[in-house]
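Right after this note come the structures.
In the two complexes that follow, subunit A is the common piece, with subunit B as its partner first and subunit C second.
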Partner chain A sequence: MRKLELDPRTKLFMIFAISLIVMVNAYTPLQMVIRIIVTAIPILLMTLEGKYAAAIRFAVLYAAAFILQNYYLSAGSSGLLSALITGYCGIVAQFMPAMITAWYAIRTTKINDFMSAMQKMHVPDGVSISLAVVMRFFPTIKEEYESINDAMRMRGISMGGGKVTKMIEYRLIPVMFSCVNIGDELSAAAVTRGLGAPIKRTSANEIKLRAIDYTTMVVFAVSTVLFMAAKNIG
Partner chain B sequence: MKENKLKAKDFITIGIFTALVFVVEFAYMMLGFIHPYVILSYAAAIPVLCAIPMMLFYTKIEKFGMLTIMSVLIAIIMFVTGMGWIGAPLIIAVGVIADLIAKKGGYKSFKSTVISHGVFSIWVGANYIPLVVTADDYRKDMVDAGFSDDYCNILFKAVNGKTIALILLCCFIFGVIGAFVGKAVVRKHFEKAGIA
Partner chain C sequence: MISIKDLNFHYKGSQDAGLHDFSIEINSGEAVLLCGASGCGKTTILRLINGLIPHYYKGELSGSVTVNGKDIQNCELYDLASVVGTVFQNPRSQFFSVDTDGEITFGNENLGIEPKEIIRRKDEVVSELELEPLLGKSLFELSGGEKQKIACASVSALMPEIMLLDEPSSNLDWKAIDELKKVIEYWKGKGKTIVISEHRLWYVKDIVDRVIFMKNGRIEHEWNREQFGKLTSQELSELGLRPTSVEEKYIEEFGKGIFSEDKSSDNNSIQRYENGISLKDMYFTYDIPKYFFRKKKLNAADSAQYTLAIPELDLPRGKVIGLIGKNGAGKTTFLRCICGLEKDCTLKITSDGETVSGKKIVKKCYMVMQDVNHQLFTDSVRAEVMLSMDEENREKADKLISDLGLYGYEDTHPMALSGGQKQRVAIASALAADSEILLFDEPTSGLDRAHMTAVAEMLSALAKDNRVIIVSTHDPELISLCCDYTLCIEKGRLKYLRKCQ
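Moving on, here comes the complex of A and B:
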């Protein structure tokens, strides 16, 4: 069976819709339900793509934060510990849906498909190339940071020791060094493969919107409209 | 003919530095949930911290448009991470202005780079704008999200219609200070290595 693959444009639309939804807080039960549904869809899509571990991790994390936030915390809470818990539950419950969707979109979109989708939407090359690099670069930064951290630890420079400025200097500067070098290699590789050539770009894997894409978009559009309307109705 | 068009290499540079700036900014933002004063300190600390990658970025700028594209990307990322669309026009506007200022100095003059970075840093302040424009809603949202009353009181005493101009100015000043700090770091580490 062919794996379910959504068009990159559908994924972008999902991110857009979810960003709108997470920005406004949920007051009514209907809004809560919508929020849970739009969070569940990307998790479901992840399982369909075979990313079981990530799907379970996100589901558990979100559920825990959601329950904590709604049943154990109120406006009366104070103190450092509860402030910390509040903070993290706040982040998780508020931004998790957007993060999950973004993670899903980034991990399941080939850069090729992303570029042809951007081209079909007539986004200028500059924005789409840069955005593609940003998307691909977060995992790289994380990897580089971890290796640098290991290297520092091996030399006995740990996180806690020393001044704050040194801490920043010892971490940020090496990361920047490796990122600049990776960037040079990346552009050399991309240019040899014809990135930025003054002709229209073609793609071996033709993307198009299928029925499933339209269905997903309609579901998300309706959810967003309902969510916004529910707030105004009260 | 003078090469004025941006090439693929420039776009990749923009992407890398946008990612770096965002990572630095995001790491600092995570601290904001401890105390509201930390949220206020964004206006001072983020321009200075981000100046380090930014000043390295400035050494690589040679053409018009790189700062503008970066500001568009930041606006998009801010929107996706839930900062709202209200600040987006301001972010892009300061990006264009910063680009014009840097262009005036030919992207080489240190003086215009410093001012340009100060202007560019105002994007940090743009993230406060939703707090001011929709103060009541935002407060209610935060209480609902589980933030304590104390937290909100302090936050909204500090961030409101009267102080927003001050916050933006603060971003500018610390952007300028950051430019000097960043330049010193770049000189210390990168020029020696021959990267900048």
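Moving on, here comes the complex of A and C:
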């Protein structure tokens, strides 16, 4: 039944490892290769989970930025356009790997699995519940934001009459009001179903670290170490 | 099973809302309906039974509440979770998970039930409530009715003895209500104790054993099912209750049209109205064929695959038009296209010999959304109204505000108003924008009779100024109160536009 679903702990480890990697500049060919590998893995995992559109989008975007940066832009290029492209490609090629991994982790993790993973790592309930609520809230904020955006467009004030502060104010106030309301109702509904009971939570879907999880973690750990060491190896 | 004795309660920081010397005994296996105007204390009673009062909502409480032999005040909420289950009003805000499977098992996981038992309970609930088609989906993709069904399932999976439902039908169409009714009947068959708070009485009147009418936090009347069934609509209306039969009559009348599977009429014969507003080429689809850099323009030739395709439609002025159709039929898409929110829609609107299309449509129309909180942005009612004007005109704004019965609230923050007042602020800003077409998306969901009548009167009054008023609604009562025409949409196609009898 469960295809190639990684344990949430593995995903967290991936995010951790890749964050280290994107924070350091890549100079040597070995570092470049490692970057490409750690970017390709989450993209591959996405296709395995059936998220083809996102995988292709990320792959094309990253490849374009990478190729442009390394083959068509040189230190000697000048002019506004190439400056813009250099900046854009630099940011994409540098930070995209982390973004892809984070996107993959958030989109493919169910809240229940996440909670039990946190429990297995002995994270206090208070922390894991808060993080779970944050995950639950992303789509809600998006929904609310979209309806408010619609309302603004309908009234022809999406530009806030040219005032930037107004533009932000008009958007944020309704979003905040509805998120507070929804959050309040949400927690009322959750506590009536036993959230916060001082009992060890169980999980219908038991999560387990399997061979594939260990392999992925080893690949990411080795990549990170090599990447960090590459500068010194030379 | 449930025993409330000499209970006095009022919410922290509020003067009136609350309960006074309230006592009730509910036996095991009994189904009780709580009814009465908004703010009469129905929800407060449910919150007392499930322990949200005093553990979540604070206030001053005296008297005793005993549920299944436990004194609520000395219980923790998680102890009650396996005894009392609650289905709430708003399907959007009662989910903790993002996927349906996780939601059904959520409560059991919290209580530390064995994984095998959780799966067994889930399978049982899924097969008995017929939820297979909904499994493995994201909750954000479900319709309101489907969400409410999952909410019922997640409560049911905890196997509680007592089921509480707090206005569960507010956001549902007739078909979804019918499914909800089946779930409640199933619970009743299993011998659960059920307490329902509801404004829409027609679908519960045959299920409940006892009906309790409340007013200002006290019990005013009590009937058994037979006595309640004999109340005439006259008597119900004197009590401020919605009728128990009108909906069925309307479902009979419109429902057949809406839910029958026959092809929608090709509406070759478009009725013309004197000085009407005509809509033309209303084509829209959510999956527009995309090329690399541009989208394909929508046109009549491909309309067979579109989400919405209405080649031509004439709308009469000065009338209230009720927009009906089942959930997912395209009512919301229809409204969104008319107000110009869907940029790719090819709609052209002609009024007074002038045709507009594209971005200019936004100027002509104004929609009062189902959740008005989304469309109030500023810090005072007056600023809200003036925001819609091309040139700010304080006098005109104040006049509109007092016309809509908001005199004295000009400087109040819109968020501090009641739901009905917020709705009127939104209407005032629509009038300030001089919109010719006013659209209302479910303006009466969750309202009691008095508020609904007020909305109906307002709609009729608005129509008098030669505007086109379109109200999307699942509330047959609202149609009977104020609509002059009904417009039925099915699968994004126009089914009919005809005069109400």
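In this text, the second predicted complex is superposed on the first by the 211 of 234 C-alpha atoms of A that agree within 3 Å, B and C clash if a C-alpha of one lies under 4 Å from a C-alpha of the other, contacts with A are read in each partner's own complex, and residues count from 1 in each chain.
Simple rule for what comes next: a contact is a pair of C-beta atoms (placed from the backbone, for glycine too) under 8 Å apart; a residue touches a chain by one contact, two chains touch by 3 or more.
Fair warning: this is a prediction, and the values are worked out from it, not measured in the lab.
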After lining up the shared chain so the two structures overlap, which partner does A:Q69 touch, if you call subunit B first and subunit C second: first, second, both or neither? first
Quick check for you: in the superposed arrangement, does A:T28 touch first (subunit B), second (subunit C), both or neither? neither
Applying the document's definition of touch, where does A:T215 land relative to subunit B and subunit C: first, second, both, or neither? neither
With both complexes overlaid on chain A, does A:T47 touch subunit B (first), subunit C (second), both or neither? neither
Of the two partner chains, subunit B (first) and subunit C (second), which one does A:A93 touch, if any: first, second, both, or neither? first
Given the touch rule stated above, what does A:F177 touch, subunit B (first), subunit C (second), both, or neither? both
Would you check which partner chain A:T192 touches, where first means subunit B only, second means subunit C only, and both and neither mean what they say? second
Partner chain(s) touched by A:E169 [first = subunit B, second = subunit C, both, neither]: both
Shared subunit A footprint, subunit B vs subunit C, residue numbers 132, 169, 173, 177, 182, 186-187, 190-191, 195-196
Across the complex, what residues on subunit B touch subunit A? 6-9, 11-16, 18-20, 22-24, 30, 32-35, 49, 52-53, 56, 65, 69-70, 72-73, 76-77, 79-82, 84, 140-151, 185, 189-190, 193, 195
In their shared complex, at which residues does subunit A touch subunit C? 110-112, 115, 132, 135-136, 139-140, 143-144, 147-148, 150-157, 169-171, 173-174, 177-178, 181-182, 185-204, 206
Subunit C contacts subunit A in the complex at 50-52, 55-57, 76-78, 80-82, 84-86, 88, 90, 92-99, 101-102, 105-115, 118-119, 122, 140, 154-155, 158, 336, 339-341, 362-363, 365-367, 369, 371, 373-378, 387-388, 415, 429, 433
Flag every residue of subunit A that touches subunit B in the complex, lowest number first. 15, 19, 22-27, 69, 73-78, 80, 82-84, 86-91, 93-95, 98, 102, 125-127, 129-134, 137-138, 141, 168-169, 172-173, 175-177, 179-180, 182-183, 186-187, 190-191, 195-196
